[in-house]
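Heads up, the next two complexes both have chain A, just with different partners, chain B and then chain C.
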Partner chain A sequence: MAEAPGIELQGTARFGAVPLFAPLTLRIDAGAWSCLLGPSGSGKSTILRLIAGLETGVDFDGTITASDGRPVAPRVAYMAQTDLLLPWLDVLGNVTLGARLRAETPDLAAAMALVDRLGLSEHAHKRPAQLSGGQRQRVALARTLMEDRPVVLLDEPFSALDARTRADMQELAAETLAGRTVLLVTHDPGEAARLGHRVCLLDRNGLVESPPPATLPVRAVDDAAMLAFQARLLTALREAG
Partner chain B sequence: MAGLLRGALVTALFLGLWQALVSFGHLPPYILPGPLRVAEALVANWRLIAHHAGITLTEVLIGMVLGAALGVATALLLAVSSAARYLIRPALVATQALPVFALAPLLTLWLGYGIWSKVLMAVLIIYFPVASAFFDGLMRTPPGWLDLGRTMGASPTRLLWRIRVPAAIPALASGLRLAAVYAPIGAVVGEWVGAAGGLGYLMLLANGRVKIDLMFAALLVLALLTLALHRGVGWLCDRLEARLD
Partner chain C sequence: MGNSASITAARAGVVSPEQRAEGRRAATMAGLRKVLLPAGTAGAALLIWEVTVRVLQIPPVLLPAPSAIWAKLDQLFLPLILKHSIPTITESLIAFVISTVIGIAIAGLLSSSRLLREALYPNVVFFQLIPKIALAPLFIVWLGIGAESRLSFAVFISFFPVVIATLAGLDNVDKSLLRLCRALRASEWQVFRDVRLPFALPYIFSGMKIATTFSIIGVIVGEFITSQAGLGYLILFASAQAETELIFAAITVLCVFGLVFYGAIALAEIYLRRRFGA
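Moving on to the complex of A and B:
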């Protein structure tokens, strides 16, 4: 993997004449997890899509810069709320999708190693329809890791999972994505409290940083400081709404 | 097995009702021949019917291949080019205001009594359903898949062939299944307007000579041919969907 850069987004966005978010500065630290927490419609997904270089439908007036000065969008891997697995490809086919889309020869050994690491060996040749929701999201994580990009953008990737699978996936993602620059967009204060080295709240009034506890992510589900932090975040979210 | 049994039961019931209508309604055979009489006509004339069925089948198959190829090519062109969408799509829809049947005499005038006027009828009748079904499929790719592909650095061409086309195969398949039922209609209408052979031609000929039993036999073979074609195309589409990538 290439050196993971820090990222800074500075600017404002609007839908036609309607402002989406006021001028703000979002700092995403190199090689750490930054969580962007906010209610639906706050523009947090738009921020992630802007960094990914995807179509947003908003007018963005500002800059997105990497700490090494090189363009950001070509160095991101993207994981969404839905697994986005292609139903006509098996697990290995989906994990090696990036290579197929770039007309490269897929590295099947590396893909199989990742599939093993995520505990999917026995499912390597199954189609997505034969997998559970948790398994499918693990395949999506394997596909993200296969891209081996220094920047990883996560758009609520665990929010459709049941509580137990979600906690497992959070730990698995934290472990496998360590060392990369990660932006996690979420509406779940518990998730931000467990995973964030840096946690920012986005609402109508703008972006506010909320300092996380001293313990390092991934924080245990029964970590008292984490639970208190989660409560603070939830309170802040409710006051903002 | 249960399906076969059900089919046999329904067929027997239908044939029984048909024979009863003929026997008890005292209908003369030149109005409605009974099933037995039609079966006799089928056996007695099987060479003649097979010859004409072969002609119709040839027209339909060539028409299917050409019509499907044209429809697929049009859908791809429309999907990749907004200029094509702007210029061609309204014209494409406007052509549907023109009843294809009304063109049959013209096609016969231009292309003669051979198979090609019928092939073109079949092409014209299936072109729009295939093009429009596949085009709709190509334009309805789940946006998340395209986002993912773009972050992976896929070119628009790779996105088309690796994501949009495979994702549109079920839509194309439903267009092709429709085409399999429509194509024989086009060919037979062409044969009615002017032909030297084919099941439609044979039916008109038999009708003119009051051989209604032969007409029914030809109709029966036409129906079987259409069903077989629908099955065959369905099978091909299933293989295509299962074998993607």
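Moving on to the complex of A and C:
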């Protein structure tokens, strides 16, 4: 993997004449997890898509820069809320989707190694319909890792999972994405409190940073400082709403 | 106490083998019913037709009995009807294939460019509203009385449903999946071929099923106007001779062909859905 850069987004966005967010500065540290927490409609997914260089439908006036000065979008891997697996491809086919869609020859050995690492070896030739929700999201994580990009953007990837699977997936993602620059967009204060090296709250009043506890992510589910932080985040979210 | 409660709770959800067998029987009955009920209804309608014609002694020129139509079909299929079936069937199949290819291609083009879509789609919809059968004579003026004019007319009326259905299918793909494809730096063509087209298959097939009927209609109308052969010609010829039994015999062949044609498309759909489905 290439050296993971830090990223800074500065600017403002609006839908036609309606402002989506006022001028703000979002700093995403190199090789660490930054969590962007906010209610629905706050523009957090738009920020993620802007960084990924995807269509957003908003007018963005500002800059997105990497700490090494090189373009950001081509170095990004993206994972969404739903697994977005193609139902007619098996697990290996879905993990190698990127190469397939770029008309490249997929590196099946690397794909199989990832499938193994995520505990999916016995499912490698199954189709998504034969997998559980958690297994499907692990395949989506493997597809993201397969791209081997230094920057990983996660758009609420665990929010559709049940509580137990979600906690497992958070730990697995933290472990496998270690060393990469990660931006996690979420509406779950608990998730931000467990995973963030840096946690920012985006609401209609703008962007506020909330310093996380001194313990390092992934924080244990029963970590008292983490739970207190989660409560602070939830309170802030409710006050903002 | 707590233990026995949990065991009872666990047992409450267990399905017995008898219940399973009962479920299977019910499923088989439901499957049989789906086939037997419409077939029985059609059989009853034919029977009522037969009895009505015999009891009311309706002249065969007005309405022949099903048994008389069958006798005519049996008598003339090899010497006459088969010869006229071949051009009609061949031209319908060719028109269908061309319509499907053109329809999918146009839908792909319209879905790939916002400009093209905004310029063309409202016109395509407007075109749908024209009673296209009324334009059939124009095709004779433009292309003469050969197979070209019949084929072109059949394609003209049958490719619209494929365009509209395919476009709906291509548009129906999950927007976040398209975002993922973009983040994977996929080319538009790869996304079209490997993602959007497979997802659009059910829609494309619904368009193709309409096109099967329309391509037959197109060829028959063409044959009504110009042809010296084909089932459309045979029907027109028989009606001039007041050979109502022959008209119905030709229509029966058309029905059987239409049914087999539609069935083949439905089978292809089942196969492809299994290949590309969940």
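In this section, the second predicted complex is superposed on the first by the 241 of 241 C-alpha atoms of A that agree within 3 Å, B and C clash if a C-alpha of one lies under 4 Å from a C-alpha of the other, contacts with A are read in each partner's own complex, and residues count from 1 in each chain.
Keep this in mind: a contact is a pair of C-beta atoms (placed from the backbone, for glycine too) under 8 Å apart; a residue touches a chain by one contact, two chains touch by 3 or more.
None of these values were measured; they are calculated from a predicted model.
Q: Given the superposition on chain A, are chain B and chain C in a clash or a fit?
A: clash
Q: Is A:G62 in contact with chain B, with chain C, with both, or with neither (first, second, both, neither)?
A: It touches nothing on chain B or chain C.
Q: Pick one for A:G93: touches chain B only (first), chain C only (second), both, or neither.
A: The answer is first: A:G93 touches chain B but not chain C.
Q: Touch test for A:P74: chain B only (first), chain C only (second), both, or neither?
A: Both partners, chain B and chain C.
Q: Look at A:G31 in the shared chain and tell me whether it touches chain B only, chain C only, both, or neither; answer first, second, both or neither.
A: In the superposition, A:G31 touches no partner, neither chain B nor chain C.
Q: A:P128 contacts which: chain B (first), chain C (second), both, neither?
A: Second partner only, chain C.
Q: Please write out, lowest number first, the residues of chain A touched by both chain B and chain C across the two complexes.
A: Correct list for chain A: 49, 52, 54-55, 74, 76-78, 80, 82, 84, 86, 88, 97-98, 100-103, 147, 153.
Q: Write out the stretch or stretches of chain B touching chain A in their complex.
A: 142, 144-145, 147-154, 158-159, 162-163, 166-167, 169, 241, 244-245
Q: Which residues of chain C touch chain A in their complex?
A: 174, 176-177, 179-187, 190-191, 194-195, 198, 275-278
Q: Going by the contact rule set out above, which residues of chain A touch chain C in the complex?
A: Answer in residue numbers: 49, 52, 54-55, 74, 76-78, 80-82, 84, 86-88, 97-98, 100-103, 127-129, 147, 153.
Q: Taking the touch rule as given, give the residues of chain A at its contact with chain B in the complex, in rising order.
A: 49, 52-55, 73-74, 76-78, 80, 82, 84, 86, 88-89, 93, 97-98, 100-103, 147, 153
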